[in-house]
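You will see two complexes here that share chain A, one where it goes with chain B and one where it goes with chain C.
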Partner chain A sequence: MVKKRKIDWGAYAFLLPALIIYLSVIIFPVCYSIYISLHNGTGIGKMDFVGLENYVQMFSDSIFLTALKNNILWIVLTVVLTTSISLLLAVALNNKFRGRTFFRAFFYFPCVVAPIAVALIWRWIYNPNIGFINEFLKMIGINYTQTWISGENSAFFTVLIASLWQGIGQPMILFLAGLQTVPADILEAASIDGAGSFTRFFKITVPLMKETFIMVIATLIISSMKVFDVVKGLTNGGPNNATQMLSTYMYSQTFSYNNVGYGTAIAVFMVLMMLVIVIPYIAFTAREK
Partner chain B sequence: MNSRKKKRIIKYVLLISLAIIWVIPIFTLFATAVKSKSDFYSGISLFELPESFAWSNFVNALTEGRILHYMKNDLLVSCIKVPLGIFVEALAAYAITRLNIKHRTAIFAFFLIGMMIPMQIALVPINIVFNSLHLTNTFSGLTYVYIGFGISFGILVLRGFFMEIPREIDEAARIDGANKWRLFISIILPMAKPAVATLMITDFLATWNEYLLATIIITDNQYKTVPVGLMTFVGEHGMDYGYLCAGVCVSIIPVLIVYLVFQRHFVEGMAGAVKA
Partner chain C sequence: MKKKIIALMLVAAMSAAMFAGCGNNKTEKNNSDGSEKTASSEEQVDITYWTLGTRQESMEQIVSEFNEEYPNINIIFSYYDTDAIKDACKVAAQADNLPDMWYNWGGSLGAYYPQNGCSKDLTEYAAANGWDEKFNSGALSLCELGGQLSGYPIAYNVVGMFYRKDIFQEYGIEVPTTFEQFEQACATLKKNGVTPISTGGLYGWHTMRLVEQFVEYYAGADGHDELNSFDSSWDQENVIKALAKYQEFCEKGYFPEGFITSDPNDTLISLANGNCAMDIQGQWYDFNILDNDLDMDQYGWFPFPNETGRMSAFTEMVQFNADMDDAKLDACMKFMDFMETEEHAAADLVNNPLPFANAVMPGDERPHVSEMYEYSNEGGTFTITDQAFPTAVADVLFDGQAGICNGTETPEKVAAAIQSAIEEYKSAE
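Right, the complex of A and B next:
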């Protein structure tokens, strides 16, 4: 007798708790947000249906466009600088030498500090009256003071540097793990064939670490796309929107100005932007090995 | 041999100078925190020692500044969220990797979407729903949302680890009469201890440090977690530099302790867990 394959409901029960929480905390809010973004109102009481007006408005809103431009610049600079510095560090810390464990632990440490605390820590580097940079310049006899955080030209980079300080450690660890997977005998063989250390690195190590690179860059794009805490804590988007990001603009529109429909439309735009960038990565991760 | 030595010296010099740059923020924070108000009035330099170390800044920040209270709240939320979240994630990862379900790859991909959904999109809906369900300013509300946002990463890590456990073990257990639940609780979960340990630490830190959702859900000082409380603290004492820095300083002590105790897990475990 051929037994008909029955659906094993018991197996699905194991998925249930995660599924319920996931649907209610992630999927439902996404759908609800799309709905809200098609309306105007304060979120309390009646919302007026306005169709795609909020989305049209975005592209004639100069502050939104500034935030978008800043955010893209932020992503590009974060990815390029973090990847190169952390890869360099990983290579330097890969071989056994005295103090290696210390340096690894040391450069990783900022990762465990709350981003909001990182912002608050860096305020004292940039403080124009008692901050480190101005005091240091004074000490070595250079009479130059800057307002750093509140300077329109410098603000963006002050936040970026604080964020880099925190963000280097994690990719460094991933690169270190990636470097372990490169077989030593291949490198040795190449060395015997006369390949220099640069050739070996770029022709063998880097291609073999492709998966690590993809993962590091994807996670960096995702995290820098939604950067919030460090900006909020240091500049809150100012001065004159010089550090305004999509997330901070969305936040202030929604919770400071009560433009809930418009703020939510910005959040939906962030999701769309993310989907375009990250779907290839998800496909790559989910594929059956 | 000589060039090798030279290379090593260059490496040390570079690493040490980078390390010095890296330590500046911490130095600045500490050097400011030990100074009293009068030190700032007298225009003391950052690099000078204060007249007398103002250790009271730290004590005051903890008590009057309520940092200790915020820590208690944060610890409570983290200690409920982390084990509960990991248990839920492990159940799902177990079903995806080892049980007889259809479309396992699609289900896994569906769970992964959460990793790239910016929290921002959930803020307004959560705010509206929580207001009507009276879940704002409750630990249970905050914890529930935190578990939701942790699910994607947790399933990613645990699935990777569960897949490495050989299939024969399931067979053997089944022959011995273990059902799905027994297999999960007594065999698979204990075998995944390294992954669970790493996940626990990263999850604890992520929960402890979370700011954005907490600002939306918690507005009452009584329930604030450390990051939100820290911003309140800074807002309340805008000009008292030493006191402010002392507050930030003490707020990072718990993570510093966790880091020092579990350091090995960070540097080795993390890479392993994520790679799998």
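Right, the complex of A and C next:
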């Protein structure tokens, strides 16, 4: 006879506060945002129902399309460059050498700086007249002064560099932790079997760090989709929308132009886009396991 | 059973604690007879005030003096920078969580609040308290928005061209009185390795001050007014000429390298170190020069030679929450009247001069202020573009400035884009 499992209502009751928080700060705002995105208005007073008009409008809005293109490029470059650089640093800093702890802290340090402060620091570094880069180039006799964040072709990449400078610390720490979980005996056995260091790294270390990669890449996709502070602080989306991102454009539409419905529609689009990228990625990698 | 009861009580307490901080703090109650409360000296009143961070030190000094006289009125400050306060107030308005008082500019920046019923209409209060006689009429009229008097004016600003006298002297440049002479001065400076004009285009509004002078020059006073009121199209020859002149200035290197993403709050640096010779600023610039321990004798000003004689002008004000009752408004006004005095102006704790009809001008230590006001009183003013334009339209101009500077936009395209944004704005209205 199967004994009927007793439901512990007390335990459920203790979940209630968390459920209330989750419903009130996550579920309700998401549903309300979807509702607002189907309306037009200033956010105060009456909102007019417009159906999917805001979503249709996005695809004929040249600034939105520029922001979308920038965001996709930003995600790709952030994921590729951050993963590569932070993995490289983690591998280097996983070796035993004098000053290893200092360098770990050194590369992690930018991660603790607020993104808006990063923007201010880099704005001065990039300043074409009295900034560090141009002054340094002049000092070493290289006549290659640039306008950096002011050029429409260079602005995107210069903002990306500032963001990378800050962004590599966290994944580096995760990779370092992942590297330390790789059993030394497996690597030693492979070594005895004649596997070189590259083979050991790509055939043993990397596959064994799969969970770390999933986590790093998924969080990088999400954070790069939401990039805001560093762009707002460095270029404010300019020059001429060259660094406009979906988040900065959403913010302008909602809070500067008072197009709350349209701005919220952009926010909903961002969430959908993120889900479209992240869910298949995690599902695919989990299935492989 | 006892354990379960304790558990449920704990859950209830946790849930109740979560909601303790929720809800707004609009807890003002009416008297039992339904009438609104009136201020009394004993009653404790808390007033929230959002203003600029640059005013923090002076605000703290003023409020400590104020509390000696009115210990029952507690002013709670939040400080923001120039561009952050614009967004913070809009976010708060949409969340129905505006403070009791907030700093703002006139024109389109301030108009959002009366248009949406968020700010107090002070028309009756002003009439009852003789504001017509108290304030400068120009300042007061720039606070009239959406058919309401929507703020307490705290500054009336006029914009002119500041320059380094010693640099002009070194290269034998006379103060320009015509547009042609101004261009000649720029050419001479550039030829001698000095960047003529210090500007920062990061938020667009500083570079705009120059572009609007070009528009004033080509369109004339009436034409510019018609453009600013959207009575004539921006997609017209005069605007294209103005933007083409701006393009020419960019191409000739009359602005610093990479100015388009430079912070407009840092333009004085280039002037102080002699890399640039001119900066388009308001009468407050004297204060900045002194505040940075620079030699005032090295600086002069001239009205931009737009050949209409008018100067660009804008106002700053404090707006009040529409939801506040008379008692709170009374307390707010007590603070405003206490703050906005000639004594505080003379001590540079508030704007000097005040936007009063008979304001006392600063002394010789700030020689340009009274000259600029006198000139604007004689020559007249036009509303600065970002107060004349709604933000969405102003941003199209700002993007256009960046595009023209980088060579990705043409004056014709930018003029058409501005007009298109205006039409979109009008149709949405």
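Note that the second predicted complex is superposed on the first by the 272 of 289 C-alpha atoms of A that agree within 3 Å, B and C clash if a C-alpha of one lies under 4 Å from a C-alpha of the other, contacts with A are read in each partner's own complex, and residues count from 1 in each chain.
Keep this in mind: contacts are C-beta pairs under 8 Å (C-beta built on N, C-alpha and C of every residue); 3 or more make two chains touch, one makes a residue touch a chain.
All figures in this text were calculated on a predicted structure; none of them were measured in a lab.
Q: Would chain B and chain C fit next to each other on chain A once aligned, or clash?
A: With chain A aligned, chain B runs into chain C, so clash.
Q: Once the shared chain is lined up, is A:Trp74 touching chain B (first), chain C (second), both, or neither of them?
A: Once the two structures are laid over each other on A, A:Trp74 reaches no partner at all.
Q: So, A:Ile21: does it touch chain B (first), chain C (second), both, or neither?
A: So A:Ile21 meets both chain B and chain C here.
Q: In the superposed model, which partner reaches more residues of chain A, chain B or chain C?
A: Larger number of chain A residues touched: B.
Q: Scan A:Gly10 for contacts with chain B and chain C and give back first, second, both or neither.
A: both
Q: Quick check on the superposed pair: does A:Ile36 touch chain B, chain C, both, or neither? Answer first, second, both or neither.
A: first
Q: Tell me the contact category for A:Val260 with respect to chain B and chain C: first, second, both or neither.
A: both
Q: May I ask you to decide whether A:Ala105 touches chain B, chain C, both, or neither, giving the answer as first, second, both or neither?
A: first
Q: Does the superposition put A:Phe156 against chain B (first), chain C (second), both, or neither?
A: Neither chain B nor chain C is touched by A:Phe156.
Q: Check whether A:Leu176 is in contact with chain B, with chain C, with both or with neither, and answer first, second, both or neither.
A: first
Q: Do chain B and chain C touch any of the same residues on chain A, and if so, which?
A: In the superposed arrangement, which is not itself an observed complex, chain A uses residues 10, 14, 17, 21, 43, 130, 251, 255, 260 for both chain B and chain C.
Q: What residues of chain B sit close enough to touch chain A in their complex?
A: Result: residues 8, 11, 14-15, 18-19, 22, 24-29, 32, 40, 45-47, 88-89, 91-92, 94-96, 99-102, 105, 107-109, 111-128, 144-145, 147-149, 151-152, 155-156, 163, 180, 184, 205, 208-209, 211-212, 216, 226-227, 230-231, 234, 241, 244-245, 248, 251-252, 255-256, 258-259, 263, 266-267, 270-272, 274-275 of chain B touch chain A.
Q: Quick one: which bits of chain C touch chain A in the complex? Just the residue numbers, please.
A: Interface residues on the chain C side: 3-4, 7-8, 10-11, 14-15, 18, 86-87, 90-91, 93-94, 96, 112, 116-118, 201-204, 256-263, 269-270, 275, 390-392, 395, 398-400, 402-403, 405-406, 408-409.
Q: Which part of chain A faces chain C closely enough to touch in the complex?
A: For this pair, the touching residues of chain A are 9-10, 13-14, 16-17, 20-21, 42-45, 123, 126-130, 145, 147-152, 155, 234-236, 238-241, 251-252, 255-260.
Q: Which bits of chain A are touching chain B when the two form their complex?
A: 7-8, 10-12, 14-15, 17-19, 21-22, 24-26, 28-30, 32-33, 36, 43, 89, 92-93, 97, 99, 101, 103-110, 112-118, 120-122, 124-125, 130-132, 135-136, 138-139, 162, 165, 173-174, 176-177, 215, 222, 225-226, 228-229, 232-233, 246-247, 250-251, 254-255, 260, 263-264, 266-268, 270-271, 274-275, 278, 282-283, 285-289
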